[in-house]
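I have a structure I would like to understand better, so I am pasting it below and will then ask my questions one at a time.
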Amino acid sequence: MFGSPPDSGSRVSEIVRVTVWGENVHERTEPEVRALYPEGLHGAIAAGLSELLGDRVRVRTATLQEPEHGLTKEVIDDTDVLTWWGHIAHEEVDDAVVARVHDAVLGGMGLLVLHSGHYSKILRRLLGTTCDLRWRNEGERELVWTVEPLHPIAEGVSNPIVIEAQEMYSEPFAIPAPEALVFISSFAGGEVFRGGCTWTRGNGRIFYFSPGDQDYPVYHHQDIKRVLANGVQWAAPRLRQAPEGSPESPLGWFE
Amino acid sequence: MFGSPPDSGSRVSEIVRVTVWGENVHERTEPEVRALYPEGLHGAIAAGLSELLGDRVRVRTATLQEPEHGLTKEVIDDTDVLTWWGHIAHEEVDDAVVARVHDAVLGGMGLLVLHSGHYSKILRRLLGTTCDLRWRNEGERELVWTVEPLHPIAEGVSNPIVIEAQEMYSEPFAIPAPEALVFISSFAGGEVFRGGCTWTRGNGRIFYFSPGDQDYPVYHHQDIKRVLANGVQWAAPRLRQAPEGSPESPLGWFE
Amino acid sequence: MFGSPPDSGSRVSEIVRVTVWGENVHERTEPEVRALYPEGLHGAIAAGLSELLGDRVRVRTATLQEPEHGLTKEVIDDTDVLTWWGHIAHEEVDDAVVARVHDAVLGGMGLLVLHSGHYSKILRRLLGTTCDLRWRNEGERELVWTVEPLHPIAEGVSNPIVIEAQEMYSEPFAIPAPEALVFISSFAGGEVFRGGCTWTRGNGRIFYFSPGDQDYPVYHHQDIKRVLANGVQWAAPRLRQAPEGSPESPLGWFE
Amino acid sequence: MFGSPPDSGSRVSEIVRVTVWGENVHERTEPEVRALYPEGLHGAIAAGLSELLGDRVRVRTATLQEPEHGLTKEVIDDTDVLTWWGHIAHEEVDDAVVARVHDAVLGGMGLLVLHSGHYSKILRRLLGTTCDLRWRNEGERELVWTVEPLHPIAEGVSNPIVIEAQEMYSEPFAIPAPEALVFISSFAGGEVFRGGCTWTRGNGRIFYFSPGDQDYPVYHHQDIKRVLANGVQWAAPRLRQAPEGSPESPLGWFE
């Protein structure tokens, strides 16, 4: 008798269930951010996904201020892809919620980590590094260059994407070498940054994408919306399945 | 103005057009091979793909003995994924046909290289190495273990696949480190082999899969058929586009 | 003016300072383990390194039972490469010590994780995955095949290494795809395992090597000693340097 | 009995034997190039290596115009690392010499491919892709950023390297994903380029480094000399050994 196939987990629905998580601090406390993002950064990100993907996704939002940051077991179990934006309140995120998200990623949930989310507990925990980088906030032009044109995340995206004003992020970026390096950014000041990177952890796919900041209307940019929509589709799991543990396997178990 | 999107090539049809190429020498000259594969190895491979993929593929075959080995420009232009089985007549394959296949892969055509095809001109040309390996033909049991369970090529495949009798291929296998190592085989004699490997070259995806030999009914094994069907779907291009050359790009061309 | 070179950390000594860490539980409580390893597993590992590397290393040991598990700040600061063997007491390792080791690795300290150390807190924290595997303890023959013959860790090592009796570890092994896959093991029962893997995290090099168990005299095997000696030399840092944090970098800082 | 160790080839000398190959056309036909490089580009590259590595290398040069392009069997057998600069005469390089260099790389000879050598027969043959890129020759400032600070090739190199005037090379660069991405360049016009990449083919290490052009004094820049010196040391083989072919291996050959 043959061994059983590996995909005995629960198969995901055709419609990708997305939860857009937002720290939701800047937009509540800074009028100029609220002016750019009246529905919050999470609201803008969610709207972009719905606009581009329509019936192919079911999008909801969750924020830091909700009980369990809006990421209860029920919500996570009902999420195929989680997007994560945080900046000044990373330390306020409860470790138990981080552990739940981590487990879900290992079990197949996709994860998009956005911009200053590079310093989030969840990304550092998945990657094992500091995720340090250099930065400067002077509203410089950022160019986002596709270096892997065949990658599904780059499909239909202008090359380069031109973002008129942005915060600068630069190398050295303290990450493990990405499995795919999809985009490299340059800035008017001359710096470069590996701003579009993917990794796999357990059954889950992770995409980090750097463009996006509370001080600039980056999430209203059509190409940025397109990258996020592509990223959601790429990260959507084929199946969800908790890690198996380490089963003792008697001689000839597969025969 | 933004730069133009990278995917200006011709979009492929929904139905994957597969050409199964066979060297077609053993099965014409050795009765015991013909007994196993009355329609040729290419015939068995093609039948397996049609059986498992039905309307999702349109399968044809081509062989060494046809004019231009059956791989005319028209056929290649009409092929999304090419599968390649050869063994004792690698040197008889015309260099011009190899160059045509090479160009097509760089432009996005998928390529599955099977078993003794490891020594084909086309694979060595794409990988740049000798593709040497150790071997022994004594009908040993081969176990094919999935090491990347999430990879689409492993979906629905028994882990391990048990092949009762096979030729032994073992390390060291002189290939560039694969981009994804999907399967590792072990043999009754104790050897191991990286028998399921993927690479990207230009716009094309390449999958090498070692199980399959003229002396054993491997291509009638359901799990092997499944791997090949998965491989075809994985390697199918999203678009076909000839390499761009090296355009001179004036300052600000993207603005 | 040019920017400053990246290697402003403290340069390491020519002699590699190795700390061999042992959980030291089996050998204190089980007579048959003590018979195999009268000086403890850590003692045998340390002796093997000294035997093969002589003056090129300065080896000391540390164990779980010592204050701070023997891994005080002073010891870690004085260590170029740490080797880690643990099995039944992973949970007893203090999180503060794990954090200290983690920081040291990111700053350049090399780390060899051995056998059942796959489930250690430190490896899981560095890799971000569960490190699950299949296993069976029936004293089977293990063959360790070199698949990257050029890697310094494989230099002068028999291919295959034959280990007459061993615990079986098999795929699926829940790790991120290794940066280098140096060895693959097969077992008499037919399973395979990616038993020699490397990763980089921050400035630190990590090597996981699976052969080695308290029930078998694996650490007295000449080829295993050789692999560990090679691993120590490979993982030795060129420099030690704490992570930089994320400095704000004014426009033209490098000019 | 154990199998024999893999490193039965000839061990290389401690002194790295470098052959600097130059196309040697621009500098013979264009006075302004000769003014920059009176000894040829190959002469400047060789001088930089000798200046920085002293007794650790023995450097010679060879050029297109010599019999067998100066790359006879004797020269290649006596070379640990070959550097390759070509531009307008790639097609004049004899295929037999390319095959000889290819074989030597597979057997362990290191190879540095410089600047417009991206289009050389030898690099395309080793990588299997077109190596297309975008370009513009307007004397822009190039910044070379280290993205893998731990890589030996980046040791002691300014980050960024500032090159006041250079030809622009940009993505998409049609190469297989590099095994290590050491440097990324940005240009005043905003483009980015993966200008420092490594690959392994067979026993040989390959480093491609883009800075360097006949119209600018790039090879007189101290940081560029440093990168080339580091590259030579990194690519130097531990041993030279011709590919093994595919030996038939009887059951239990290793026992």
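Going by the order they are written in, the chains are A, B, C and D; count residues from 1 in each one.
Here is the rule we use: a residue touches a chain if its C-beta (ideal position, glycine included) is under 8 Å from a C-beta of that chain, and two chains touch if they have at least 3 such contacts.
Worth saying up front: this structure is predicted, and the values here are computed from it rather than measured.
> Among all chains, whose Cα centre is located farthest from the one for chain A?
Most remote chain from chain A, centroid-wise, comes out as D.
> Give the pair among A-C, A-B or B-C whose set of contact pairs overlaps with that of C-D by over half, matching residues by number.
A-B
> So the centre of each chain is just the mean of its C-alpha atoms; given that, what is the distance between chain A and chain D in Å?
Result: the chain centres lie 37 Å from each other.
> I'd like the Å distance between the centres of chain A and chain B, where a centre is the mean of that chain's Cα atoms.
Computed from C-alpha means, the inter-chain centre distance equals 33 Å.
> Any chance you could list the residues of chain C touching two or more other chains?
6, 143, 146, 149, 159-160, 170, 172, 177, 190-191, 200, 254
> Touching residues of chain D toward chain C in the complex: what are they?
2-7, 108, 143, 146, 149-150, 152, 154-162, 200, 203, 223, 238, 254-255
> For the complex, give me every residue of chain B touching chain D.
On the chain B side, the touching residues are 6, 102, 106, 119, 125-130, 132-136, 138, 140, 168, 170, 172, 174, 176-177, 179, 189-191, 199-202, 243-252, 254.
> Would you pull the chain D residues touching chain A in the complex into a rising list?
Interface residues on chain D, with respect to chain A: 141, 143, 145-149, 159-160, 170-173, 177, 180-181, 184-186, 188, 190-192, 194.
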